[in-house]
Each structure stands twice: as C-alpha cells, then as structure tokens.
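One structure coming up, written as structure tokens, with questions to follow.
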Amino acid sequence: MDIAQITPILATAIATSTPLVFACLGETIAERAGVINLSAEGTILLGAMTSFAIAKTLEGSGTVPSLLAGFAGAAVVGAAIALIVALGTLTLKQSQVAIGFVLALLGASLSSFLGNSFVRIPGPTVPSFKIPGLQNLPLLGNLLFQSDLLVYLSYAAIALVWVYFYRTRAGLMLRAIGEQPNAAFARGTNVVKMRYIYTLIGGAMMGIAGAAFSLDFKAGWSHMHTAGYGWIALAIVIFGGWNPLRVALSCYLFGILQSLASVAQSSIPAIPSQVFNVAPFMLMILLLVLTSSEWVERVLKLLPSPLDRTASELIRSAPPAALGKVFEQD
Amino acid sequence: MKVELKDISKRFGNVHANDRVSLTVEAGTIHGLLGENGAGKSTLVKVLSGFISRDSGAVLLDGKSVEIKTPADAIARKIGMLHQDPLDFPPLSVLDNFIVGKTGTGLIDRQRSLRQLQQLSTHFNFNLNHYETVANLTVGERQQLEILRLLSLGVSTLILDEPTTGISASQKTALFKAMKQLASEGKSIIFVSHKLEDVEELCDRVTVLRHGKVRGRAEIPCPDAVLIDLMFGRELAPPLKPQTRQSEPALQLEKIRVDTDRLTLRLGDLTAYKGEVIGLAGLEGSGQQQLLLMCAGLLRASTGQIRVNGVEMTHESYSKYLDRGIGYLPADRLKDGLVSGLSIQDHVALRTPSRSLFVDWKETLKQTVQAIATFNIRGKPNTLVERLSGGNQQRTQLALLPVPLNLLLMEHPTRGLDIESVLWVWQQLIARCQTGTTILFMSSDLDEIMRYSDRVIVFSGGQASHPIAVSDLTADRLGQMIGGRLSDTLEPSVIS
Amino acid sequence: MTKRIFYYQLASIALAIVFITAIILVVGASPPSVITAMWSGAFGTVGQFARVIATLAPLLLCASGLLFTFTAGLYNLGIEGQIAFGAIVSTLAIRLTQDSLPPALVIVLAILMGGVGGTLWGLLAGVLNVYGRINEIFSGLGLNFVADGLALYLIFGPWKREGVASMSGTEQFPESLWLPTFGNTDASPIALLIAIAAVAITLIILRGTYFGLRLRAVGQNLRASYVLGIPSIRQLLSAFAICGGFAGIAGALQVLAVFHRLIPNISSGLGYLALLVAMLVGLNAWFILPVAFFFSALNIGSLQLPLDLDLESSLAGVIQGTLVLFVLLARGVSESLRKPSTTPLHKGY
Amino acid sequence: MRLNGLTMTAMNNPTLKRWGWVTALGLLLGSCSPSAKAPDSAPQSPATGAAKDFTVGMVLVGPKQDGGWNQAQFEGIQAALKTIPGTKLEYVDKVNVADRPNVKGSQVADDLINKGAKFVIFNSDDFKDDALATAKKHPDVTVIHASGDYAWKEGKNFKNQPNLGNIMGRMEYGKMIAGCAAALGTETGKIGYLGPLINDETRRYASSAYVGAKYCWENYRKKPAQDLTFKVTWIGFWFNIPGKTLDPTKVADDYYNGGYDVVMSGIDTPEVAVQGKKAAEAGKKVKFVHYDLATGCNLAPDICLGVPYYNWSFPYANSIKKAIDSKYVSEFTWLPPDWKNINNPETSMVGFNEGAALGDNKKFLDEFIKGLGDGSINPFKGPLNFQDGTPFLKEGEVATDQQIWYLPQLLAGMEGSSK
C-alpha cells in the first residue's frame, strides 16, 4: 500500500475521531480538576439524541441555526448531567464512581426512550468546508484540511485546552487542584467552586461530542447510536496520560485502529473478520493496561536520567493525585 | 507590619485548643512561638493564616482589625505561611509551583517568573533547579521554594510552622540566614518551634504556649532553664510505677537504622527487659514512631536485627509478630487501630483466634460483655466503635490486645482521656508488666513518661539518647535533650 | 438504617417517581397506561411471569456476588465480563464433554466450569488491581471488552455454525442439555434454586463467618484491618474471586437455561443491572430478593411497551437508573446533614 | 377486562399471588399514577366483538424505519394487510442481542401470539431457530421465516414443520443488476461492497453483484476483468452494533476516501447512501447502490445508481389469505422478478429502481435486465472459480438453485473474507 492510498484512510480516521476528541478533552478537563465523570457513555448518547432532536425540529429555520441550536442543546444537556455529578460528589460527597455509573446507564436508557421518534430519519448535517489556502498543502492539506468546520474546531479545542493547561495561570491552578487541593486551597482558591466549573465544562464538551456524532460523523439518531464510545473515551483519557495533546493523539490512534480493522479484514483472511471489528476496543484497553501498570515506571527508572524525564513526560501514567477523592476543607 | 492577635479562643469539641491567647509581633522582628506538641501553637497560626476560623478574639494588622476567613483573605492581607508538611504540588516543576496561585494576566509569562525566581534565589543564596519536578526535591528545598514564592507574593508577615524538622544542617543555616535578612527588611516573622536551640539562635522574642494558654513571654537571649520551665510548667512528676522489671531481656535491637521519607532513625543497639516500661520522649516526628512501628513489624528496618524473647524476628511478616504476642496501639485510633462501621463485638470476634468457619456470635457476645466489664468500656457490644468516646476507644483497643502479650508498643496511650481513665489504663498496663509484658510507649505528656517509665529514651531528629533511668532525670536535663541537646546517643559512632 | 435515613429514602423515591412520570409525559404517554402495559407484560401470562423468574436467577447471582465486592469496598464493573467468560468456559465444557458424558453430568460440569471461568476472570481483575495498581473500574471495563471480543471470536471463528457466521450465536445444544423448565416456559427451577442458594450463602457468609467479618473490616478500613492482623490482599482477591464465580455461574445459566448456546452479549447487561440492584440495597443482603425481582419484572414488563403503546422498552432502564440515582443522592443529603465525624461508606473510589 | 382475566389467571397460582403483591407495590412505587386501578382504564381495546379479526405478528430484527431491509418488510406487511380487510398488525422491532438484550425472538413471538397473532413473520435469517421453536410451540399458528430454508424440501436443512414456511425473493437477480449498475458507474474501476455478516445469503448476494459487475464491465465497458477491483468488507451484522461490529459509517468513509468511487450496500441500514451524500457534497466524485428499499435512492438521488429492492406485500398477502382460510401448508417461496416488468408491485417480488446517476449508461443496464429475463445472459455460467482457486462451475455449466443458495465461498476475482 503506498502513500496515496494511506493518506485518505488516515484523513478519514482523523476526521471521524473528532467526536471522541471533544469527549476526551472534556473528560480530561474534569479529571485534571480531580473529578472523574464516569457518566461519559450516558452523556454522549443523551447529547447525541438531544442535539439531533433539536436540529431536526428546527430544520425549517435553516441548516445553520438548527445545527447551532442542536450543539447548544447538547452542551446544556452534558453540563446538566455534569451538574448532577458535581452535586452528588462534591456537595453530597457520594462516590464519584457510583453516581457516574448510574448516570451512564440512565443517560443511555433515557436517550433511547426519549429519542424513539427520531430514529433513522434524515436530518441536518454539518456541511463540509475546505479551508481555502491550507487544503492544498502537500500531504497535510489532504490529511487535515479537507473536512468540515467541526473538525477544525476540534483542532482549535486541542490547542486551546493545551494552552490553557500549560500556558495560563488558571490552567496551572486547574492542574494544581487535581493534584493537591489542600495546597491549592492554601493558595487562595475555592476548590469546590472550581471543580464545579470544570466538571460542567467537561460535561458540556462531552455533550458536544454526542452532537458531533449525530449531526456530523454518524449523522442521524438510532437506538444506542454511539454506544461504547463513552467507555472508550474514559480509557483514552487514561491512555493519554491526562495530557490534552496525547489524549487527542490517542483518539486519532483509535480512529486509525478502526480503519485498519476494516482494511485488514481482507488482508488477513485467517482471522475471522469479526475479530477485527472488536479489535480497536480491545487493543485500546490492552494498551492501557500495559502502559498504566507499575512495571512501566520501573522500566523508566532504568533509562538514563535526562532521557528519563522526557520519556516519562510522554508516557507518564500517574493520574492526578486527588482524582476521585473527596476534598475536605478543615 | 505589626501583627496582633487578641484573646483568640478556639475549641475543638471538648478541647480548648486556644484559650484567650494574645500575641504581638512587631514589624522587623522574629517572634518565636514555643510549646510542646498540642500546646495550641498550630491552631493559633492557622487562625492567622485563614485555615481555621476562631471562636472569638480579634486579629489586628498595623492596629486595624481585619477579618480573615480563608487562606485567600490571608494572602490578600499579605500574610504567608510555610507549613510543616510542604503544601505544594509534587508532580509540577519548581517553576510551576512558584507560579501557582499568583495573580496576573491570564497567560503565564514563564520567563518573567523565572527571572523573579532566580533573582530571589540569588538574593537568599538558595540553589534550586527550576525545571526539576518538586517530587524530586528534599524537604528543605521545598521549603526554600515555598519561602521564595511567599516573598514573591509580597508577604509582609511570614509564619513558619516547625520549619527545621526534616532538613539538613546546611539547609537550616541557609534558612536562618534568610529569615534574619527578611526581618532586617522589615517583615514580621512568626517562628513556630519546640526546639530551644533554634529559637535561641533565631528569635528576638518568644511566647510560650501550654495547654492552649499563654504561659509566658521572654526576650532572647534567655537561659534554657527559664524556657523549659515555661514549656513544661513545673517540677517533673515523681515516678509512680512499681518495680516490674525482670532480668531477662525481652526486646533486643542491634545496629538498627530505619529510613523513611522524612527521617532516618539511627538507633544502634538497645535492650529492653521483661516487665520493663520504656518511655520514648521527644518532639513528635523525631523517630519514636518509627521505632514503635518497626518493633511492631509494620515498618522494615534498613539495617540491623531485632529479636523478641530470643527469637529472631528481623525478616518475619507482620502476622508472625502478632503470633509472638506483640501488640501495637496506634495514636489515631479510628484511622489505624479500629475499623469504624464495626461494633465492639465485631472487633472482639476479629481478634478471637478460631479455627472454625462460622463466628459463634453467642460466644463472642459473652466475651464482649466480659471485655466491656473488665475494661470498663461505656458502650454496648453492638455499639459502633466510631460512636465511642476517645477513652472508650482506647479501652476497646486495650481489650483487643493479644494474650499472652510479650511486647506492647503504644503511641500516646492516654491522649484525650480524662484523668480517671488515665489512671485506670495505666493500672491495667502495669498489671500486664507484672506478668512479664514489656512496654515501649511514646507520649508528648512528660508527666506520663516520668510517672510510668522505668527508663526513658529521648529522641531528637532521628537520634536517640541512651536509655536513662527515670530516677536520674531532671526537668532541666529532659528539657534540654528534647530541645535537641542529646549529650550522647545510642548510636556508637555516627556514620556519615 | 435509622429512621431519618429511611424518610430521606422515601422522599427520594417519591421524587424519582415524579421524575419518571415527567419523562413519560414528555413522550406523550399516560402513566396509568404505562403501568398497565408493564404489569401485563410481566404478569399477564404464565409465560411472561416465567420470564421474570428466568431473568431473576442470574440477577440474584450477580447481585449476591457484588455484595462481596461492595463489602470489600470495591466497584466490580467487570462483572459483565465475568458473566461472559463464565459462559464461554461453560460452553467449552459442554462442547468437550457432550459426546462422551451423560447429559446430567455435562450440565453439572458446565455450571461448575462457568463458576471457575468467572472466578478466573474476577481474579484477573483483582490481580490487575492489587498488583498492577490499575483501578478495578478500568481493569473491569477493559476485561469486559476483552471477554466480549473473545466470545465474538469464538462465535464467528472456531465455534461458528456450519456456513454461518452470525450474531445468533453458536449451534444450539441438543435439548437434553437444556436445563429443565416449569412446563413449557422459560423459567428453570434449577436456575432459580441455584440463585436463591447463592443469596442464602451470601447472607450466611457475610453475616455469620469470620471471612465475612474480615471482608467488612477490609472494606471499611484497609489500614486498620491490616494492623488488626487481617490478610487484606487475600481478602480483596477472594472478594473478586467469589463475585466472579457467582457471575460465571450466571453466565453458565444463560447458556444452559436461556439461550442454549453461546451468543454475543450473553451477559445481556444483567451484570450492570445487578450493580444497580446492589447499589440500591446497600450492604443489606435481605433486600436483594425483592429489589431484583422488581427490576426483573420491569425488564420483562417493558417489552410490552412497544407492543401496546409504541414506546421504547428502555423505560425500564430509566426507572431503574432514576431510582438508584435519587436514593444515592438522598443518602448524600442525609449524610451531609449528620454530624461530620462519621464518614460515609465507599468514599472516593 | 382482558387484563382482569389475565390477572385472575395469575392469581390462581399461590406463588404468583404473593409475588404479585410485591410487584404491585413495586409498580405503584414505580409510577405515581393516581388511577392505578389499571384494569378498568386499559386503553387498548382487546379483540372482543370482532372475533373474526385476524392478527398478524411480525418480529423485526432492526428498527422499522431503517431505510432498508426492515423498513421494506414493515411497509410490505402494512401494504399486504391493507388488501385484506379485518386484519391487524402487531409487531416488535429491534429484536437483536444488542438492542434488546436477554430477549429471544421466540419470546417476542410468544407475546405477539398472546396478543392474538395467528400468523407470525420472522424477518431475519438470524431467527431460524426462533422460527422453528415458535412453530413447534404453537402448532396452530402459521410461522413464516423470511430468508430461511427450513421449508425447502430440496434444501440442506429441511425440517418438515407443517406450519413453518419460508418466503424470499431471488435477490441474486437484483444484485446482478446492481453489480452491473455499479460497473457502469465506476470511473476508477474500484467497487466497494459493504457486507453485513457472512452466511449463505450474503455470500450469494455479494457474489451475484460481482458476476453482474464483471459481465457489464467486460461487455459494456469493454475493459479487462483484471482492471476491476471488487472488495467486500463485512461489518459483522445486518446493521451497526457499536463495539461488536465495524461501524458501517467508517467503512463507507474508508471506501469513499480510498478511491472506491462506487459503493454498494449489502446491509439493512443506509450508511452507504448517507456517507456518499456527504462525500459528494465535499466534492468527491462518488456514487452508490442502495439495497432493500424501493425508495432508497431518495436519500441522495443525484449520486444513486439504483436500488435492488424487495416487494414483500403480495407474497405475504398470499400466504396470509391462505392462513385465514386455514389452507396454509408449509411452502418454500422463492420468487424471481417478473421479467415482464420487474417493478410491477402486484407481481414482481424483486425489483430494481434505476438511479439518476446512471446517465447514458441506462441503456446498457436495460439491455442487461432484458438479457437476464430472456435467459440470454446468465452470469452464473462457467467457467467460474471460487476465491481459493478451486473450480465452482466448469466451462458452460450453469449453477443450480442449491449451488447458488448454498454458495460456500466468494468467487475468484473478489477481495474479502469468505468466512
């Protein structure tokens, strides 16, 4: 297979990973602040359903307004679910796992119950838009700049989150809150309030991820339209070491694995084709298990020390120290 | 800035942590805050830094009354606090730690912050690698970083809570030099400590707290004896304990060294005899706890050997220690000793050796009722342990000790107990000693140490003194040793 | 449970009902007709009631198993995979022995092997958790995907039906290997008995044995339990193993009593449903039976919704999830109003 | 009233009585309806009075508005019942392991029969065991399994179950036409086929599409067979089950972006059309061939080459009429197109609606259809080899019905898995 064949497949993989990018960035933000929002599966599904229902209902008022309303609705739904997570875990101090897990199942059921009348009907989709100058860049143009606005927005979101995390004071404090909330409190931050805010932002982004599915990459709505992606998003955040750039790359890796699965099916006939269908999910999880176990750190320790620091920054697997823990202010 | 605390009171439950405490710190001076563990020093400074809200009293800055409810308020009032355990962000770099919480434009100007950090480092002659991760720094370096950060915020009042535990001698020298420099620049500094040496070296004035009250104030220099008298109050209590020590050795330690994150305990050789009670005195965090944990089998010694009743135990598992009749009573009863959510009876069942699969609830109930009677626990068999008072929790812990008990290791056996309970507990313990149990206990209550020990070991900064018979101890000598002036130590020659 | 908590729970259930009613009204249906439809779907005929019982059996097994992990303070989200792997091993046992052993023996062996399979899968999550330091939630979720993938591989690969690779599963086993049922229905008395035995065993172990007591101690306070001399790692691993074992037996029952073959998604979400059951009952094993029965009836009854009212049957999931969510929140409210000295169970993760 | 009766039955059993109470409480908790005296207010009018009404039940594997197979089935049965007065439809859709976990097709059929169905249709190959089990359990109910072979005496799997019949269209003709249309429409010579799962039926259809494409490629486009790429990617089921199948959206995208300018759908749902439309809007020159549903081209008319479809209404109507008159006997119905007019809804079970994207090539396609109809063209004529090189048909040999139905492998010249 030569480059001319690989590029378009990579391009598809990158573009179609866009919803995951939004979801994973959202989860990364929440987890970096110390809140694990396990409801991703339900949030994405409910976001997808809501956005499609809104956009479809408003279709008459023009594609762009209906799409905007759809995305906004999904963001609100995502933030609303995140608000329950925040209320239940930050204020009422229940287990983040319990609340998130219940919401994951509840959101999924609600989406299919409420979305019943919108199943498999055509609706508005995000129109494609090639960026005039950039689309003709050799290789990169094909790879990155021949899709639609949402894709470019996701690039912007990755950059934005990265800049926010590593270049702004507020972002530095966000990371600090997830590591040592007590120390952050000592430096004058209202930890609980900030966690509320970041959980809501993260939830809104996961809602948007749902909309990105139903209004763009898996246009339309059907029962359990995006099932599985929420759990994968949670895994990818871990796999991406809570670093927005690496998380985004992991999303693309997942997209590429999916594409490879369909390509490899006919190339390796010895393996039942269905194995390839589930392979991306399984591979992602296995990679996660391998990279997050203790022995990776042991191997890292064997590396010469300057190399060690770069390497560990790249494949660091330590979660934010306060992730999932209740913050008790004295 | 002149800092005045007026009649500060703060209660935690029944404990009066601060009882109308007043303190005045003139600008440009270093004010020592001296006292034993639990004297109320930390509470007082935490009120000033916004971590604890006071019940009553007033805080005045340059004569003006201010309201400080959160650390944010304190920062706004230019009050900064250096905590005993560094409150920083280990996974972040030195530079990022320096920046967290600083206000400014949205984007971080790392170059500017770096210049500022470098400038300050040079000014105080600190040597920090700005890109190193804080987790890889020593405690002393983390303190230095924190001080620089506080200074960069422009604080004019600096509180240091026990800053000299866990740092090296050279770091201490650097720290003190910096403090003096800051004072000379007009900042007011509150230095919380229980080390006489440090206070005498650094402070201009000192206030001594004891049991939540101000016991006295002094100008430095001031004779040790005066400070010790203020800290510990009065003549030491006379020994109360009958002779229970037998001639057979029970616990034998050889060339022990224990390494932990904060501290290296160098112990050398030690022998405790059957029926003997050894009190471990010293400021908290000087190594007593490490010794107890190691003898309990919960902490591994890096080098050396441990024998109990002649049996080699050095590499044995914790369960072997339990089997040998070695008991451990932690200070934090609900965190380390008892399981909240479980009743007294559940605990009795857990500690009853049984070969059977099923719990004989009838039998354990009988045992529990008996234990409750014997140990005078105010609770029912099905009372959850977290609902018991501290004293009754302690009685429960005592009831759960293995029988026969060869070696008992205790942290603050009577902390938080009323006098009656204290007497009762020790009565029980001495009865055990008479049957040959050896006890090692640490306590911040010097009276307790004096009353109930046969011999005392004083700890300071990971060094331990030779065991001293209580009859040979005077308040002055004990105070000096606790304050860090051990004349000779257990370890034969300091390995550097 | 104190009286006050009880009132909070009651209030939360009332709120949940208001929420559910609102959801039903949103789609333009009438709550009474929804109740009617679900009631008739669950109890309308003996056959339907039998299905409630048939679903109840694996649900009871899984919820019982989960009580062990919950007691140990663990969230065993890997239970779906443990059901699936139990089903796979059970199927393997049947395939290997069906030609050489008498059917009754094959059935017994299949159930036992299902338990063994589930135990192994549960232990794997436990080992990853204890020794690999991977949170049990993610090791569990990961192993769910892996078990699913393995089932799909077998169904579409080595165990596929002649000429057909299909989601409908492997070749059906001969009727002699089906668990006997009540008449011509789907409910198997043996499956039900096994499940009730599991509940009883759970009750007895958790309340009556040293093991159960130690497990409670470990779940409440790992450090203090260790100091008290309890081998905590062994306890944690045992909890995983037992839960996996029960789930594996549930998987074997899905194969032997329900589908009579291995299908993809053999766990059918029952593990997750059991998690909801376990969260709702807290650590009180007595409530498992009524709650699981109620949930099972909801699941079966909801199939009537598309038939009668053109509604999605996922309303069952909405009701179940809402109830659990509100009860959890009510627990939080009552705890946050209580004096702060007591700490809630399962704090953090 | 009906419910009253049922409740009474349930209550006669002492065990049921007790549990009934528990659940009654539960359901009361589960919904705060003030009028829980449900039996009186049951809105569904049961089949009292009109005792002669004939209820037909249908078990659909996918959603009834899937834009493909299930929708065709659903619209077919609705149209059929319109022609027979006094009939009524009860159905449940999405009956599959992912959408309705722990629910078997046979259980759904039980419920339908419980609601009065005397005639039950299972609409997917996957229901073969359920159809047989239902037929055995309810000997007085006529069971139709669409796409199965249990009633085919000459087939390999004949079950001799008198109340079980099969109905299927000879879609291999439709697929040959579809393949031809694809070959006429491709510029790059690369045709992608989005296959569902792998079984006799799907191998048959993919191969039919290939032989049709090959014929038209060689005879009308006048190009050598080796210049034609025909690739099959199986997603693993009739439609997407997230996490268990490949995502057809992604597979379609990969085709369109990978230079396959014509993609044929073999699955129940319209991802090929939807993604084709998006690709075309993004400026790619792509076309597609839909499947199953007569109106399938409407999703993206400009780039649609056509759609082979099923017309289920008249064969269903025929069987239902027989059942109403109690004259139904098990039969294997496998209907070819009505070559006089393949799009005649009264007579042709398999049809082909040509799409606008065919353009001038329409004449070739019509010629091909005509040739198929009069027998002058038979693409299933040797020499044909299997994918692994073993011979399928010798020179001049024509495939039998059994050879076509039970095609064991894809044919030589096709890319993709055979098993």
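Just so it is clear, A, B, C and D label the chains in written order, and each chain counts residues from 1 on its own.
Rule of thumb we're sticking to: a residue touches a chain if its C-beta (ideal position, glycine included) is under 8 Å from a C-beta of that chain, and two chains touch if they have at least 3 such contacts.
Keep in mind it's a predicted model, so treat the numbers as computed, not measured.
Q: From the centre of subunit B, which other chain's Cα mean sits the farthest off?
A: D
Q: Averaging over Cα atoms per chain, report the distance between subunit B and subunit C in Å.
A: Here subunit B and subunit C have centroids separated by 48 Å.
Q: Averaging only over C-alpha atoms, locate the centres of subunit B and subunit D and give their separation in whole Å.
A: 76
Q: If you average the CA atoms of subunit A and of subunit B, how far apart do the two points sit, in angstrom?
A: The computed centroid separation for subunit A versus subunit B comes out at 45 Å.
Q: Distance from the CA centroid of subunit A to that of subunit C, rounded to the nearest Å?
A: Spacing between the chain centres: roughly 29 Å.
Q: By residue number and range, which residues of subunit D touch two or more other chains?
A: 98, 197-198, 236, 243-244, 419
Q: What positions in subunit C touch 2 or more of the other chains?
A: In subunit C, the residues touching two or more other chains are 145, 148, 152, 156, 160, 165.
Q: Subunit B: which residues touch two or more other chains?
A: none
Q: Between which chains is there touch?
A: Here the touching chain pairs work out to A-B, A-C, A-D, B-C, C-D.
Q: Using the touch rule from the top, collect the residues of subunit A that touch subunit D in their complex.
A: 5, 8-9, 11-12, 16, 119-122, 125, 127-128, 130, 146-148, 217-220, 222-229, 258-259, 261-263, 265-266, 269, 272-274, 276-278, 281
Q: Which residues of subunit A touch subunit C in their complex?
A: Touching subunit C: residues 36, 38, 84, 87-88, 91-99, 101-103, 105-106, 108-110, 112-114, 116-117, 223, 231, 234-235, 238, 271-275, 277-279, 281-282, 285-286, 288-289, 292-294, 324-326 of subunit A.
Q: With touch defined as at the start, can you tell me which subunit B residues reach subunit C in the complex?
A: Those residues of subunit B that touch subunit C are 298, 318-319, 322, 328, 330, 334-342, 346-347, 349-351, 354, 356-359, 361, 386, 400.
Q: Which part of subunit A faces subunit B closely enough to touch in the complex?
A: Residues 167-170, 172-173, 175-176, 179-180, 182-190, 309, 318, 321, 330.
Q: Help me check something: in the complex, which residues belonging to subunit B touch subunit A?
A: Those in contact with subunit A are residues 46, 51-52, 70-72, 75-76, 81, 83, 87-92, 96, 99-108, 133.
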